[in-house]
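What follows is a pair of complexes built around chain A, which joins chain B in one and chain C in the other.
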Partner chain A sequence: MSEVAATPSNHQSETFSARVLRQTIASNGARFGLAWIGLVTLCAVFAPLLANSHPLLMRVGGNWSSPLLEHLTWIDTTLLAAFFVGLGLWMQRRRLSGSRALLLMMVLVTIAGSISYATVSPPVAVVLDQYRTGLADGSIEEAIFVPIAYSPTDRSRDNPLSLTAPDRLHLMGTDEDGADVFSRMIHACRIALGIGLVATGIALAIGILYGGIMGFFTGWIEILMMRFLEIFESIPQLFLLLTVVAFFGRNIYLIMAVIGLTSWPGYARYLRAEFLKLRRQDFVQAAQASGLPIFSILFRHMLPNGVAPLLVAASFGIASAILAEAVLSFLGLGVVDEPSWGGMLNQAVGPGGTFAVWLATYPGLAIFLTVFAYNLIGEALRDAIDPHLQRPVS
Partner chain B sequence: MSLLSVKNLSTRFTTEHGAVDAVRDVSFEIQPGETFCLVGESGSGKSVTGLSLMRLLSQSTASHPAGQALLNSPRLQSGAVDLLRQDETAIARIRGARISMIFQEPMTALNPVMTIAEQIMEPLMMHLSMDETAARARALELLEQVHMPDPATRLKEYPHRLSGGQRQRVMIAIAMACEPDLMIADEPTTALDVTIQAQILELMAELQARRNTAMLFITHDLSVVAQIADHIAVMQQGRIVESGSRDQVLYRPQHAYTRQLLAALPSRLKRRTAAHHVDSGDTVVNIENLKVYFPVRRGVLQRHVDDVKAVDDVSLAIRRGRVLALVGESGSGKTTLGRALLRLVPSTAGRVSFRDQNLLSLSARAMQPFRSALQIIFQDPQSSLNPRLSIATTLTEPMAVHGIGANQSERLQKAGDLLLRVGLEPEMLRRFPHEFSGGQRQRIGIARALALGPEFIVCDEVTSALDVSVQARILALLDELRSEMNLTYLFITHNIDVVRYFADEVAVMYQGRIVEHGPVVQVCDHPNHPYTRKLLAAVPRFD
Partner chain C sequence: MTQYIVRRLLLMLPTLAGITVLVFAVMAMAPGGIGANLMTRGGDMRPEERAAMVAYLNKRYGLDQPMATQYLRWLNNVLPIGYETGPDGSRGKFGFKPPDLGMSFVKNRPVLDLIAEALPITLLLNALTIPLIFAGSILMGVYTARFRGQALDIGIGTANLALWSIPTIWMGVMLIGFLASEQYLKWFPTTGLESLRADSWTFLPSRTETGWQIGYLLDLLWHLVLPVFCLTYSGFAFLTKLTRSAVLENLLSDYARTARAKGVSEQVVLWRHVFRNSLLPLITVAASILPGLLVGSVIVETIFSIDGMGRLAVEAVQMRDREVVLSITLVTGILTLVSYLLVDICYALADPRVSYE
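Right, the complex of A and B next:
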């Protein structure tokens, strides 16, 4: 190795994470995946502003008011706040280090969430037909609606009619309750995104902690932890989910938690293997020789070097969590009030054997595209991380 | 007529960031039966030259904008062929048959899922259209020729059963299988111990003489070159800066770079004057009967059946301000001993005394204050720095843990001073390890060891991965630091020349035991133990 070399040319001054990010984004598959996930995210965040029966603005007795904003829930406002905080931090990314930005984001979102929870209280009883009757009899003089003027739970048997095929009024038709399918599709983005991120987040957190400890310590600790992990792996996820739903009711958060709690062993195994390899590296030995605390060695020196394969696994994990929720909803065991793509699929076949093509097509396509998008991102990430696929640079 | 004549060869790599010329305008000729050495430091383009001739570079990234390489083999019907302009099928007939190659790393050059026999027989059946029985007989004969012990059994075995030297013998057998006219050997002995290196060099010379095979020997080691070369070409930054006969280049060098390379050889360096440093007689670290055993466990119940005795009953006193060299071949336990002292590897028995405490009996918490006094520098500058942390973090984090410096800005100031002291710029603190060259990284490794103000540093093969000129500068730096900060080094190495230049005392380690220990001059000039004698005799001499 010559000492004079090290010309700080473009590719040498690039950090590993920057290179992985660049190469991931460079692949067409990942671009498509990210674009689709971005679209789903936008729909999820702005759902009440895209599809809502409440008028954005209405005039009653000469006074303008905005029922839509009055009926926002604390979840709506928290999501909006999180989105804009994230956007703001992204604009400032040059001034903030990654970990600091993440911490700031978490703090700000928590603050926004708790403020929303404490202050935002939409009216409980809502009669969505009031706007239609009001407009018809003239008590509402003027109203401006958002692009899709139907809430996902705007169920009316006569207007709109139930189970109408797509037409100009309802672009994706209506379901058996008379709710607008397009509106439900948009609002269902929340569950699709949330279930994937929360369940995988739980699984990653447990997997990293468990796998990290397993990979660093040898001997009895590792053997015992490994056996416990194997026991955990033998529990079938779907049957556990069915059991939990049967006993504790259809709670989306419970479903997220169960998916998260059953899918961590894979991540723990990955991280253990990475740590076994890293433990022998000189820089880890150097950290030990300097007497750094075990927490710092594990999570500051080893984890960032071993986390890459975990991210690949996580992107596939998100996809399978979305599928698991869809399966539950399809079996009729999903959430009741909130729209979900799997639940809509379930409604495609009516009790009398009627088949609503539009109710099968759109949610089915959305599930397929989302799972596909995450898989494409995972694949591009894996290619970017795998050193065997790197072009040799002399 | 020469066997291979290379004219104006250039090799260009097309990368995402533009074209890089790795080899520029290189010309040389190799006569039948001679040994032609291509010498240079890493990044000089010597390996790329060899791979270009074999056409083993990836076609999607490498191209040859100019030049030709005429191979004039007496056994090619078509007469002389330009290796660079052959298509894939034509070059495949030449590769292995007329030109063969031996690589540096014997551990990875053999296919782990094929037996030795299959790997030797494959080129025979491919190129010479031998049938299986004939090929097997020939493979056995070849293994005998490379002096493989018990060749008939070895044929049926898989590579993992063989040692590094034995694998390199198999590689040579494969390379020799079709009796090529030219053998390209890319650092074939660099990964081997000196005693094995001597055997392999001897074997290659013997086979070469028997068949009149020409050899293109690519290496960075001028001492090896001095032993085997007929002609030498010195490469720097993709160009040949000097070439000529062995005696011309080595003893009457014309080019400044060649002179600089020769001057940096540790055997040519003037022995450190400070080596005659006053001996205070004060012991810093005292090792008594240290044993490090790795248990071998078998069966379902993981029964403890045997031990691998990595360090077996070693006693050693390391005196203040001195450099104690620990010499031995790979597997002798020298690295394990160094790490056991710092409790990076658990010890089985014995005492390591430091400041009247037995380090081995301390709890992890009680060990903590001693961590700052005992430090280590590693061999591989690639893996010794955390790629995800900036240099500032790497240097200041241990300081913070040990309460050095009142606040972060004070620690950063101190880290900057350290970088300046080891010959780097304080502005480099913000950079990440991949932005540095190997020598610079090794300097950062030294700065990290110094950050905590140590008394004693284990230097584990610190210069083995470096080029000679960089090695000379790093050794000079370590020497300055030693006298300036009154440091004591345990200098682990396999390089006897470096020991002669750098150390005060030397301990020779063999199979986990110290077989000889004494002042450097005495041990090197009048070795007592047979192993020490064998080791010293195997070192390539060049004077």
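Right, the complex of A and C next:
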């Protein structure tokens, strides 16, 4: 066995998941999708270092200081820490198994997050035009800015410019309130990525637990659970989302939770169908005969064999979660005061019928490319998993 | 089959009850309660006046009762069988009665009237969209299935996936911006479903003293072009992709080869043999497209300011108008469940192997 395993060119010997991964990455669509999501991830992690009104370095009265670093929030530092922990573990991937690396990552990020939460406390009252006015009247002698010298909530109070077309100062123009669109585009990557991952994570967790139990037990438990699932399926997600947001307030974590809590029935159905097939197989019968606890049979023996269709569904699910948040923000019920692609798109057509092309093109394109990227990855995964498509096209 | 349909219809009742309980619970648990939320407009009152007003509103709409009582009262009013309710809220005798969806808190009109105005508009949008999606995607899918080849397969597949991925909100904004604005082309109207003076027009185009007027029908169609396109394109792309792969797979199958070997013409193989078998996956996904259209009409009606169910829903939710929200939940729930049932019946009609006996 070891001799065969040592020759990676022999495709017969590789495991199912390795083959799926190889075939997925080999497709051009998935490569494009991964590249775009990689770019969005970089923007999300380094957003405060890419677009910020606070200068990276400034000199007042001969003393150098860095207002940018002083104004970082605990979320900024946690994201940065998570990124570098992930990068470090990726470098060490030959020495660590996948599950152990994942566990280590979670532990380290949790530690970094709690340290950041406890120690990082940026000033609450922030005046964002003070640097520009300071530079103009000479009280700030010198300042070095990051590439885009505007924060997403910098409404340029010193020089109000609402809805100006793209120019040298604002590469993607400004929005209704005079904030820089490029800066908002970059900071909005966070909401898009976060919504997709967290909401789908919640939905997957519930769906796996629910579908696993439903696929293993028969009789009235299954009938009852199926009815309950149908209730959740028949509620239009957007409608429930609107209701919850309108009655409980516009909170990003609430939106994530509601999208997650309404999109699990699909995963539960897929897993149930897989488990119904697996239930009759010998290895499950053997596990049952040897008296393993039910939890172990379901989730340690059956789940790894039935998880493939879930991954495809999850990839499409991330896309639709991002879309749901965009629609919510577009309808004016999104997160308050945080930049969001959908919210920017909402400002493109003014009440008087004016049309700001830059506010339609860039955010719309960003939503489209992100949704398209996840759909392409899902498609490539499905092609790699489906044995039906493995045969050569005649 | 009749027995199956009756059983499915009966099973809808607990599902509908579950949906409304869920939405009711979400609204009832909202911080401050509905009475306080209704007060958002009276900001200039003194605190004691405000408290008295909230108490009055709570009492008037029965919001001071326990949650379960409130829900059961609503259910009793909605059902065609139950206790009659007197004008003072007293309980009458048990029996058949007209269902009552209640009054809108905000608009102070019967909810039934609001829905009777909005539902036909949304149904009109969907009645135009569904045949367009299916006819268009079946023709396009079968047509593109004739062209085969590695690069072509990937190209057509990716193009369809891209079209499917375009967010409706973006498409709507771009269409309004470029085809219905003063700055670019003003080919289409931006809002509503009829022109300002359309009420006084004849149905068909006619000649008046001042010249030709386009008539009510053409005016309506002119207003419908952009909204219907927004509702159509993504379902069209999705189904085209599906039709194409199903037809491709069946064209390569053994039975198609046998038919060709017998001397059956390619047209007959395609439409009588292959096409019928390719219909099944289409019907399966129709179940997921129909509720999607209802959600789509929320977006499209908001973008194009059309007073349908979607816009009514968004307004009711923003105004926290409980009776309207509950009624819309009920109506969309019924529509969704009935469309699921229709899809299952179509499935049995298209495939003789499927039977629900």
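One rule holds in what follows: the second predicted complex is superposed on the first by the 378 of 394 C-alpha atoms of A that agree within 3 Å, B and C clash if a C-alpha of one lies under 4 Å from a C-alpha of the other, contacts with A are read in each partner's own complex, and residues count from 1 in each chain.
Basically, a contact is a pair of C-beta atoms (placed from the backbone, for glycine too) under 8 Å apart; a residue touches a chain by one contact, two chains touch by 3 or more.
Just so you know, these numbers come straight off a predicted model, no measurement behind them.
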Request  = Name the contact category of A:Ala125: first (chain B only), second (chain C only), both, or neither.
outcome  = neither
Inquiry  = Contacts for A:Ala246 in the overlay, against chain B (first) and chain C (second): which applies, first, second, both or neither?
reply    = second
Request  = Using the superposition described at the top, determine whether chain B or chain C touches more residues of chain A.
outcome  = C
Task = May I ask you to decide whether A:Ser296 touches chain B, chain C, both, or neither, giving the answer as first, second, both or neither?
result = first
Message = So in the superposed three-chain picture, is A:Gln281 touching just chain B, just chain C, both, or none of them (first/second/both/neither)?
response = first
Query = If you stack the two complexes on chain A, which partner ends up touching A:Asn305: first (chain B), second (chain C), both, or neither?
reply = first
Message = If we overlay the two complexes on their shared chain A, which of chain B and chain C does A:Ala326 touch? Say first, second, both or neither.
response = second
Key: Footprint overlap on chain A, comparing chain B with chain C   = 393-394
Request  = Name, in rising order, each residue of chain C that touches chain A in their complex.
outcome  = 11, 14-15, 18-19, 22-23, 26-27, 29-31, 37, 148, 150, 153-154, 157-158, 161-162, 164-170, 173-174, 176-178, 181-184, 190, 252, 291, 294-295, 298-299, 302, 313-314, 317-318, 320, 325, 328-329, 332-333, 336-337, 340
Task = Quick one: which bits of chain B touch chain A in the complex? Just the residue numbers, please.
result = 13, 15-17, 20, 22, 41-44, 48, 58, 60-61, 339, 342, 344, 367-368, 371-372, 374-376, 378-381, 383-389, 397-398, 401-402, 431-432, 434-440, 445, 448, 451-452, 465-467, 469-470, 473
Key: List of chain A residues in touch with chain B within their complex   = 1-6, 8-13, 15-17, 281-283, 285-293, 296, 300-301, 304-305, 391-394
Query = Mind pulling up the chain A residues that touch chain C in the complex?
reply = 28-29, 227-228, 230-231, 234-240, 242-244, 246-249, 319, 323, 326-327, 330-331, 333, 342, 345, 348-349, 353-355, 357, 360, 364-365, 367-368, 371-372, 375-376, 379, 393-394
